[in-house]
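Below you'll find the structure I mean.
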Amino acid sequence: MTTVSATGREHDGTSDYDRDDMMIVAASRALLGHKVCFVGIGLPSTAANLARATHTPDLVLIYESGTIGAKPSRLPLSIGDGELALTADAVVSVPEIFNYWLQGGRVEVGFLSAAQMDRYGNLNSTVIGGYDHPTVRLPGAGGAPEIAGSCREVIVLIRQSHRTFVEHLDFRTTVGFGDGSGDRERFGLRGAGPTLVITDLGLLRPDEQTCELTMTALHPGVELQDALDATPWKLRVAPDLGRTDPPSATELANLRSLLATQERK
Amino acid sequence: MAEIASLANAVAAVVHEGDCVAIEGFTHLIPVAAGHEIIRQGRKGLTLVRLTPDIIFDQMIGMGCARKLVFGWGGNPGVGSLHRFRDAVENGWPNPIELEEHSHAGLTNRFVAAASGLPFGVLRGYFGTSLMGRNESIKPLNCPFTGETLAAVPALHPDVTIIHAQQADRHGNVLMWGITGVNKEAALAASRVLVTVEEIVDELTLVPGGVVLPNWVVDYVVVAPRGTFPSYTAGYSDRDNDAYVRWDAISRERDTFLTWIDEHVLSPSSEQPS
Amino acid sequence: MAEIASLANAVAAVVHEGDCVAIEGFTHLIPVAAGHEIIRQGRKGLTLVRLTPDIIFDQMIGMGCARKLVFGWGGNPGVGSLHRFRDAVENGWPNPIELEEHSHAGLTNRFVAAASGLPFGVLRGYFGTSLMGRNESIKPLNCPFTGETLAAVPALHPDVTIIHAQQADRHGNVLMWGITGVNKEAALAASRVLVTVEEIVDELTLVPGGVVLPNWVVDYVVVAPRGTFPSYTAGYSDRDNDAYVRWDAISRERDTFLTWIDEHVLSPSSEQPS
Amino acid sequence: MTTVSATGREHDGTSDYDRDDMMIVAASRALLGHKVCFVGIGLPSTAANLARATHTPDLVLIYESGTIGAKPSRLPLSIGDGELALTADAVVSVPEIFNYWLQGGRVEVGFLSAAQMDRYGNLNSTVIGGYDHPTVRLPGAGGAPEIAGSCREVIVLIRQSHRTFVEHLDFRTTVGFGDGSGDRERFGLRGAGPTLVITDLGLLRPDEQTCELTMTALHPGVELQDALDATPWKLRVAPDLGRTDPPSATELANLRSLLATQERK
């Protein structure tokens, strides 16, 4: 069977995979052993549903629209997809989701993405260029600031390039580690922040002392120089730099099945 | 006490030049038909409020209805940018718009505070972000017990809130279900409330997850079947995902946008869903 | 993750000497069986929290479980006084109890704040009343936007909250309906949650007005059929209004009270509703 | 048909009525033309349901337990009576009732009662005697302070005697007009306060200037001296002191029918 993924490439259904697939698979692995996950649409939703299909069938998916414990049989197309409401344990109001469930500290893992990220995992999804006269007006904050503040951990999914990895954000929509160690506490943010950043090149984790993001693993086929070249600042690299396992046959098969459920192929 | 009226009459009665107009519905139950009627009536200078400005706000902004936008996330869900929104912000077309942006949690709690008769709401958020400096409606507040600093946001009282629901009865009591978002709070926050519904039924039958707005907190009920198209109404219509994709192409250029609005909103036959 | 356990084991696991214990249920769904088990286990020094202390708190106070009471309205609904409560307050029998009293709205917002992960809640209330001076947990707070002074109350985080619901499934997901009061907020405010239910069902079927507590916010589920007697459980049992009237006579004197407790709570056969 | 009312007297079903009946009838009349009413158990609930039966069938009854638009076919025995939930337009949580509906300013009329009231309509339902060592410990505040603060108007139902009308409250549970004009505004209370006090002797309303309660009408058979004797302070009396109409045959018949629905007779 030949299918075309969300990014438009062809798959033959075997071990062929692209960088998006690798990001999704890495994200789904990061959910192993977790219980409750706050999910946005796109790669995070695919990753969370891949985790459900592969190794954590009881993973509780919470979508911002108010669906708690959604068990979609197909990938949802929006965070308010009717499929989420129909399969949820409970559908609650948006105020309740934000106040009782997210701010209440009940969510273990939240996923975020952004147009720009800096070395401390701070995110920009508001504007490229100046705020008053932007070059590109992006959608804005949405749920991101409070997801980053209140989830016990945050996983960021972002491609690694000079466009996305920047020395200085044009706008800090969402706080990762601010200007470094201690800033989250100073801002009153309760969760641990972005404990894992998954890019198309590998994995980054915050340094225990400084909170600066550090490359801790490379995906298969990626050389360290690729990551250094894709990063505008002098990228910190872990002394025991690891190598991500390639997607297993099961992971890929489950991912293909999930992507095939999307109405828009 | 809710009056059952035509869309044109109800919009004319509740939406006035310069009003602050909240149009809610979180992905689900988006009152698109009511937004189109506001465009047809040529209302200008509005402060438009919505957690997630999407296609309907893109259309209203592109037609020059908005002076200001109060929002959380302005995009075409699952597709990409809102091009009319971007054109207004980036190029001031058809007019510059003032932005007041919040996180979803912040704007939600502005509605909650207003619905609760409180002058402000409190949340953990905003500190460390650039939103804090940009937005004068966010202020620090110290907890009188722990000394912690939290974010306060002012109650938001729209002049009018417009929402869509599945049903109303003949007395104007309203029933909605599925993902109801911040609809109840936005309605209870407003001075005037207009609800478009799929149908009027003899008697409302409560359903799981159902939310009731009694007729004494609703001003106008309008029957607008498929009034959420291309959004959806659980139990009545499905989301037209292709329409969201098509909107990307239609809205990219000013002339294709204007042609589409002419055909689908302004033309005499356009009061059907399109 | 909820564990399905016996009443004795679950109460032993969650209610410890000196704990702050909220027992909720607003007229409906009062977890009387769980309160009786706390009496049987001889727990002392508890801070008991409840909007409307009624018969079950009267019994627990009379048996010396309580060191402190945090409450809004302590009476026998529709009948009159709680005589054991009065005896404790007026005469210190069987022990003096400290009182922290709130209005219902104030105590409710303490639960809401805790459920919301906020250190305090805000309401319009208390000013001009004698409660304000008596209760250190109420403080004035100025709105940073309007300058108005409102009342702040601190979040209330019970060590354990006990509620009753109609049903749970085998995974410990809980479903309640009818008048659910402040049950959800009291549960989400607590470190530990014990829910007694009428029955375990294979699958929960959502109903209008139904409130779900997923199993990952519940610690123990206990099957306690008619566990709300003489209160009621919509769909399962009716309120025994005569029992409330009878309680007035039983509870008036210490010896008739102790005899009743011996027979109906402490005797080996008393784990049935009485 | 002979029935016994809540206060234990016998009725022959004709025009015989007692002081409780008069209070209930007067309260139900005060609801004429109103739309939304916050109701407690006892006389207020009976009065509100009498108004529904007699002249305002669409009166919206809100009970603190969360029932909005309850249409009980029998008098409820508690504010959480199942009959209220079964007949309501909506049942919401207690936080929602207090925050969105009461504090939100959506209720026109609230009913209150108390063990003690002073000349400014302040109420005590907490203790008789000192707070720390009371002679009588009463139930406490419940919903009263916020009902008095947020309803657009409050109607107080209280018997008139030296026990209930006092110079100085032992505890001010609920604010009427504080120490007089301007105090409600000073305390941030939004409604108009106790615009009507219905006793077993007659009606009192606040003076427009001073807010001191003023006797404005006497019930049938009551002499002014009765009211003066029952009041420990020098009672203000309206120059145009009126006379309450006795319960009509319809009012009494409806009241009897309502009381007959109580299980506990």
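Letters A, B, C and D mark the chains in the order given here, with residues in each chain numbered from 1 onward.
Following the convention adopted for this analysis, contacts are C-beta pairs under 8 Å (C-beta built on N, C-alpha and C of every residue); 3 or more make two chains touch, one makes a residue touch a chain.
The structure displayed is predicted, hence computed values, not measured ones.
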Practice item. Show which chains lie in contact with chain A and also with chain B. Key: C
Practice item. Write down the chain pair with more C-beta contact pairs when C-D is set against A-C. Key: C-D
Practice item. Between chain C and chain D, tell me the centre distance in angstrom, where each centre is the average of that chain's C-alpha atoms. Key: 28
Revision key, fill the gap. Between chain B and chain D, the Cα-mean centres are separated in Å by 41
Practice item. Go ahead and note the Å separation of the Cα centroids belonging to chain A and chain D. Key: 58
**Study point:** Multi-chain contact residues (two or more partners), chain A
**Key:** 99, 103, 150, 190
Check your understanding: Of all residues in chain B, which are in touch with two or more distinct other chains?
Key -> 117-118, 123-124, 148, 150, 184-185, 209, 211
Practice item. Any two chains that touch count here, so list every such pair. Key: A-B, A-C, B-C, B-D, C-D
Revision key, fill the gap. Counting only contacts in the complex, chain B reaches chain D at residues 1, 115-118, 173, 184-185, 188, 211-212, 214, 216-217
**Study point:** For the chain A and chain B complex, residues of the former touching the latter
**Key:** 41-42, 64-67, 77-82, 84-85, 91, 93-95, 98-99, 102-103, 126, 131, 133-146, 149-150, 169, 171-175, 178, 183-184, 186-190, 263-264
Review point. For chain B, which residues count as touching chain C in their complex?
Key: 117-120, 122-124, 137, 139-141, 143-146, 148, 150, 152, 154, 206-210
**Study point:** chain D residues touching chain B - in the complex, by the definition given at the top
**Key:** 35-36, 60, 68-69, 89-90, 99-100, 103-106, 150, 190
Check your understanding: Along chain C, where are the residues that touch chain D in the complex?
Key -> 26-28, 51-52, 71-75, 77-78, 81-82, 85-86, 89-90, 101-105, 108-109, 111-112, 123-131, 134, 148-150, 178-182, 184-185, 209, 211, 232, 234, 238-239, 241-242, 245
